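So, here's a batch of structures to check.
Same chain, two partners: chain A is paired with chain B first, then with chain C.
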Partner chain A sequence: MSPLLQGVLTILIGVGGCVGYFYASNLILDKVIFPPTKTDPGRNINRANIVRPWLFLFPALFALGLYLVYPVIGSFWRSLYNRAGDEFIGFGNYTTMFGDAGFQTALFNNFLWVLVVPAASTFFGLLVAQLTDRLSWGNIAKSLIFMPMAISFVGASLIWKFVYANNADIGLINAIRDLFGASEPLDVLQLRFWNNFFLMFILVWIQTGFAMVILSAALRGIPEETVEAAIIDGANPFQIFFKIKVPQIMGTIVVVWTTITILVLKVFDIVYTMTGGNFGTEILPSYMMSYMFRDDGRATAVAFVIMIIVLPVMIWNIRQARAEMR
Partner chain B sequence: MANLKLTDVGKAYGGTVEVLKDINLDITTGELIVFVGPSGCGKSTLLRMVAGLEKITAGTLEIDGEVMNNVPPAQRGIAMVFQSYALYPHMTVRDNMAFALKIAKKTKEEIDAAVENAARILQLTEYLDRLPKALSGGQRQRVAIGRSIVRDPKVYLFDEPLSNLDAALRVATRIEIAQLKESMPESTMIYVTHDQVEAMTLASRIVVLANKGIAQVGSPLELYERPENEFVAQFIGSPAMNLLAGEIVATGEVTQVTLPEGAGSISANIPTTDADKGRKVNVGIRPEDMVLASGPDYAYRGTVEISEALGEVTQLYFKKSKPEHEPVIAKLPGIHTNVRGNEMHMTAAPEKVHLFADGKSLLYR
Partner chain C sequence: MDNIAGTKSSLSWAVNISVVLLVLIWLIPTIGLLVSSFRDRDQISASGWWLSPFAVEQNFQVRASADDAVERDGVFVIEGNVFEDGEGEVLRFGGARSNPTASGAGERAELTRDRTLQLEANGDYVYTSPAEITRDPSIYFSTATPPEFSTENYQTIMASDNMDRAFINTLTVTIPATIIPILIAAFAAYALAWMDFRGRGFLIAMVVGLLVVPLQLALVPLLQLHNQVGIGQSFLGIWLAHTGFGLPLAIYLLRNYMVGLPRDIIESAKVDGATDFQVFTKIVLPLSFPALASFAIFQFLWTWNDLLVAKVFLPSNSESWVMTVKIADDLLGSRGGDWGILAAAAFISIAVPLVVFFTMQRYLVRGLLAGSVK
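Then we have the complex of A and B:
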C-alpha cells in the first residue's frame, strides 16, 4: 500500500473512530443502560445526563492519563533505579547528579537562560509592538519579525551557525570584525561563558515574534481615550507608554513572560545543534539528552528536576491567563 | 477665566473630506456653551479640535487672545471629560486625579490639597483609595470631572459626559454639573451632547451644528422661540415643529397665509412687505402651540390616526396626506379621550406661528 493511501486511511479511521465512539456510546447510554422507560422516565433521563459528561470526557482523560500522568510516575520510578534499571538505589541518581560538575554548569546556564531569554524576548516584542503600531508599513515589519516563529529550532540553529561561522567570508560576526581590521577570525561559540549568550540570542530571535504578536494585540485593546486623557494631562510619549499603557497590559506581559520561560526550560535543540553541549554551554534539557539511552536512571532524574522547576512557573502562567480571560 | 475665539475654523481629513468649515464663534469667560447637532455633524470633532486632540486644518483658535492651533493639549489650559470616563484603570481614584499634577512636577502638598479639595466638592473623599472598577458609573464620571478640577483649567470640555449613564443617574449628574458650574462662575465650559434636554437646561448659549457649519447660536429660549431656519426649528423641541406648505396672501405687520393642503388660513405676527405677496412659505407650528380652532378659521384639518394619552398632555398624530410627509402632531394639554378617527380643525395664536421661505425664517431678514 502506498504511504499516501495509508495516511488517508489513518485519518479516516481516526476521525471516523472518534465520531463513531461519541455516537455509539451516547446511543447505548440512552437506549440500553438508562432507557426512558414507562415506569420512571424522568429519573433515567437525569441519570443519563449525570453519566454523559464523563462518557464524552473519557477519551481525553484516558489519553492524558496514558501519555502524561503515567510517564511522570513511570519516570520518577525509573529515576530511583540504577543505570541498567535492575537495582533500586533510592535517590542515588539525584545525589550523584547534584555532585556532578556538568550538572552544576547546566543548572547555572539554565538559570542564565531563564533570566535572559524571556526578559529579552518580551522587551523586544513590546518595543516592536509599540513602534510598529502606527506605521503604514508596520504590518510588513511585524510579518518579517514574526517569520522566525515558523522556523524549527534546528533550522534556526543552522542559519545562525552561518552567522557565527569561524570564517570572515561566511560568518557575519567575523565579517564585521574583519571590517574593523581583525586579522584572525574568532569562533564565538568557543568563547567561554559568553557563548551561552550567543546561543540565547537565537531563541530571542525566534520568540520576539511571538511576544510581539500577543503584546501588539494587547496594546490595541487599550482604550484610546485613556491615552488621550493622558495627553491632555500632559504626559509625554514615554510617560504614556510606561505609566498608562504598560500597566494596563501587565497581565498579558506576565503571561507572555511565563510562557517563554516554560519554553526555555524545555529547549535543547539549539544547544544540541550549535555546540552539542560543549565549551560549557550545557543546559538541563541537553544534559538530559546526553544521558538518554546511556543512563536512563540519570536522564529521568534530570527530567524530574526540570519538571519541578517548570511546575511553579506553569501554575502561575495558567493563573494569569485565567485572570486575563475574566 | 478665559475667552475663546474661533475664526473660520475648518476640518478636513486628508485634505479632501471636509467635515467642518467656516466656524466662527466667540465664547466669553463664564459661559457654558453647548454644542448640539445630529450624530455625525462634527460636534465632537470640534471639541477635540479645541482640546488639541485633532488638528485644526483651517482658521485659528485663540484662548485669551493667544493662537493655540499648534500648542500641545496640556499647555492650552484645558481639561476634558470623556464620554467613557477614560479613567486610568490601574490607578486609584486619588492617583487618577493626581496624575496630571505629578506629571507637572507639583509638590506633594500641592497635589494632596488639590485632590482633597476636588474630592470634597464631588463627594468622593471616602472613595479616594478605590480603583475605578469598584465604582458605579456616576462615581466614575465624578472622578473624571475631579481629574479636570484639580488641574484648575481655563476651559472645561465635556464630551457627552452623561451618555453612558442610565436615565435616573443622568438627571442627577446633570443637576450636579449645573451646580458645579454655579460654584465656579468664572470658569468657561464647552459641553457636547446630542440630548436637547441637557442642552436646554445647562447652556447659557447653544450652538447648533449642521451641514458642516453653525446653524444658529443663541440662548436656549431664543432658539426655541425664534429659530433662524427650519433645521433649528425642527431640531429644538420635541416632538419636532410641524411644517405646513402655504402661500402668503396678505402682507403688513401681520401676515396672512393660506394653506392649500388643509384648505385653511392662518395669520402670523411677522411683518412682510408687498413684494412677499404670493410667496411660497412653510408655516411652522410647534405641536404644543396647536389649539382646537373654535371659529370658521383654521390652519389645518386632519383625521386623528394615533392618540397618545400621557396624562398631562395628549399627543395626536394626524393622518398624512401624502405618505412621504411627516405626520402633523398636536400636543393638547390635559386628557382627551375618544378622539381617534375624529376630524379636527387646528390653529395657533399669531405670535406662535413661524414662517420659513427657502428654509430661512422670515423673522431674520
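Then we have the complex of A and C:
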C-alpha cells in the first residue's frame, strides 16, 4: 500500500476512531452504566459526571504516559545497561561517558550555546520589538524577521552554508574578506572554537523572531501612563527603555529566555548538517545522535544528562503554572 | 502616541536605518539561496549570487587542431574560431595555462619558442609557429556570459534525485500527525478547563512539565517498544510518535484558550440540559477555532521541519526519506559541491512552510503568545 493512501486511511481511522470513542463512551456511560433511573435519577447522573472527565482525558493521558512519561523512566533504566542491553552495569555508562573527551567537548560547547543563543536571541528580539514599535512599516519588518521561524533547521543550515562557504564567489563572509584584501578564502566552520559561534548564529537567526513577537506584545501591554509620566519628567528615550519599559516586561523576558534555553538543549539538526560534529563543534544532542543505533546505553545516558539539565526549568515552569491557577 | 513630546525625536532616522539593516541581515541569506537555486553550476562558481544580474566573466580553454596547420613562407599557421557556434565575445586570452588572460582581445601575444597567437574579439584566431606543430596547442580565453536564470536545478532534483518522493513522504508524515492530536487534545483540554474533578490541578501541572521533556529521551525506549509490538520503523510509528510529542503543547494551548471562554454560555447551556459532550461539540469546539488553528500551524511546521523524529522512527531506506533527511543525509554528501542543486532542494523543502507562514501568520502569533512555554 502506498504511504499516501496509508496516510489518508490513518486520518480516517484516527479521526473516526476518536469521534467514535468519545461518542460511544459517553453514550454507554449515560445509557448503560449509570442510566438516570426512575427512583433516584440525580444520584446516577452525579456518578456519571464523576467518571466522565476521565473518559475525556483517557486517550490523551494514555498517549502522554506512553510517549513522554514512560520514556523518562525507560531511558534511565536502559542507561544502566551495557551496549547490548543484556548486562546491568549501574552507572558504568555515565562514568565512561564523563571520562570521554568527546563528551566533555560537547558539554562545554552546549554550555556556550546555552549562554549565548538565548541571550543573543532575546537581545535582538527586544531590539527589533522596540525599534519597530512606532515604525509605519514595522509590521512588514517584523514579518520578515519572524520568517526564519517557518524554516526547518536543516533548511536554515543550508541557507547559512552558502553564507559561510569556503569560496569568495559563493560565501558572503569570504566575499567581504576578499573585498578587504584577504588573499585566501577561510573556512569559518573549521576555525576551532569560533566555529561554534557561527553555528550558534544560525539558531539566533531563527529564534530572534520568536523573541520579537512575544516581547513586542509585552511592550504594547505596558501602561502608557508610566511612559508618559517619564517623558514629562524629562527622561530620554534610552532611559525610558531601560528604566521604565524593561523592568515592566522582565517576567516576559525570563519566559522567552528559558523557552529558548530549552530549545537549545534539544536542537541537533544544525550541528549535524553543518559540521557533523567535527572540528570541535559537537553538542550534547548531536553527541547523543552519534551513539543512537550504535550504543543505546550511551545514547540514553546522554539523553538523561540533557533531562537533568532541563529539570530546573521544568520545576520552575510547573511552579509558575500552579501559582497562576491559584 | 506620535504626538507626545519627546517621541518624535531626532532618533527616528537612526531607528529607520537600523531596522533596515537588521531586516537586510535577516533576509539576505534566504535571498541568496533563492537566487542561487536558479543559477547553473558554472555561473555559481564564477561569480557570487549578489553579482548574478551582471554578465559573468568565465574562462574557457579550446585546442586548435595540429592537423589544420598549413605552411606559409616557412611558418606553420593554424586559423580558426574559438566559438563552436560562431557567437560570443572574447575579452582576454592567453596561450599558457599559467596565465590564461595575459593579453586583451585583438592583441598579438608572443608565446614561448617564438610562437605567436592572435585572438580577435569575435573569436577568430591565428596561431603561428616557426617549427612544425605536432601537438594540439591550447588557447585560453575569457568571455562575458550574460546572466542566465533557469529552473533546470529544480527539474534535475525532481527528476533524478527522488526529491518528489521525499516531498510526498513529508506530506504523508505531516498531515495525519497534525490532525490526529488536535481531537484528542481538544477533549482533554475541555476536561481540564471546564470539568471539576479531583487531581485536575496535578494533571495541568503534569502537562506543563511534559512541555519541556527533551525528545531525546523518548527515542530509544519508544523505538524498542515499536519494534516489540510490531510497528517497527514505519509511517504508523512516526504518526504515533508525533501525536504523543505534540499533545502537551496542544492540551496546554487549547486549555488556556478554553478557560477564557465566557462562563455564562457554558453554564446556561448546562442549565438547559446539555450534557458535557454536547457542550463540548456544539459550543466549545466551534468557539475554540482560533486556538485549534494556532496549534495546527505549530504542529504542521514542527512535523514538516523535523529531522530527529524522522531519522529515528522512519525506515532508513531512500524510499521513506522525508525531505529533511534526504537533504541532510543524502544530498549534502552526494551533491556536496553542487550548490545550485542544494539550493533548489532546500527551497523546495522550505516553500510550503513559508506559504503557510505568510498566509496564517496571525494564528501563529496568537498561538505563540498563548503558549510561550514550549
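Throughout what follows, the second predicted complex is superposed on the first by the 308 of 326 C-alpha atoms of A that agree within 3 Å, B and C clash if a C-alpha of one lies under 4 Å from a C-alpha of the other, contacts with A are read in each partner's own complex, and residues count from 1 in each chain.
FYI, a residue touches a chain if its C-beta (ideal position, glycine included) is under 8 Å from a C-beta of that chain, and two chains touch if they have at least 3 such contacts.
The shown structure was predicted, so the numbers you read here are calculated from the model rather than taken from an experiment.
A simple residue count on chain A separates chain B from chain C, and the partner touching more is C. In the superposed pair of complexes, A:L191 makes contact with neither chain B nor chain C. Contacts of A:V116 after superposition: neither chain B nor chain C is touched. Touch criterion met: A:S75 reaches chain C, while chain B stays clear of it.
Of the two partner chains placed by the overlay, only chain B lies in contact with A:A229; chain C stays clear of it. In the superposed model, A:I173 makes contact with neither chain B nor chain C.
Contacts of A:P247 after superposition: chain B is touched, whereas chain C is not reached. When the two complexes are laid over each other on chain A, chain A has residues 228, 231, 235 in contact with both chain B and chain C. For chain C in complex with chain A, the residues that touch the partner chain are 1-2, 4-7, 9, 11, 15-16, 18-19, 22-23, 26-30, 32-33, 36, 44-50, 168-169, 171-173, 175-176, 179-180, 183-185, 187-188, 190-192, 195, 197, 200-201, 203-222, 224-225, 235-236, 239-241, 243-245, 247-248, 251, 275-277, 280, 301, 304-308, 311-312, 320, 324, 327-328, 332, 339, 342-343, 345-346, 349-350, 353-354, 356-358, 361, 364-365, 368-369, 372-374. By the touch criterion given at the top, residues 223, 225-226, 228-235, 239, 243-244, 247-248, 250 of chain A touch chain B in their complex.
The part of chain A that touches chain C in the complex is made up of residues 3-4, 6-7, 10-11, 14-15, 18-19, 22-23, 26, 30, 49-50, 52-54, 56-57, 59-61, 63-64, 66-72, 74-75, 78, 124, 127-128, 131-132, 134-135, 138, 141, 143-155, 157-163, 165, 167-170, 172, 175, 205, 208, 210, 213-214, 217, 224, 227-228, 231, 235-237, 255-256, 259, 262, 265-266, 268-269, 272-273, 285, 288-289, 292, 296, 299-300, 302-304, 306-307, 310, 313-315, 317-318, 320-322, 325. By the touch rule above, chain B contacts chain A in their complex via residues 51-53, 72-75, 78-80, 82-84, 86-91, 99-100, 103-104, 147, 151.
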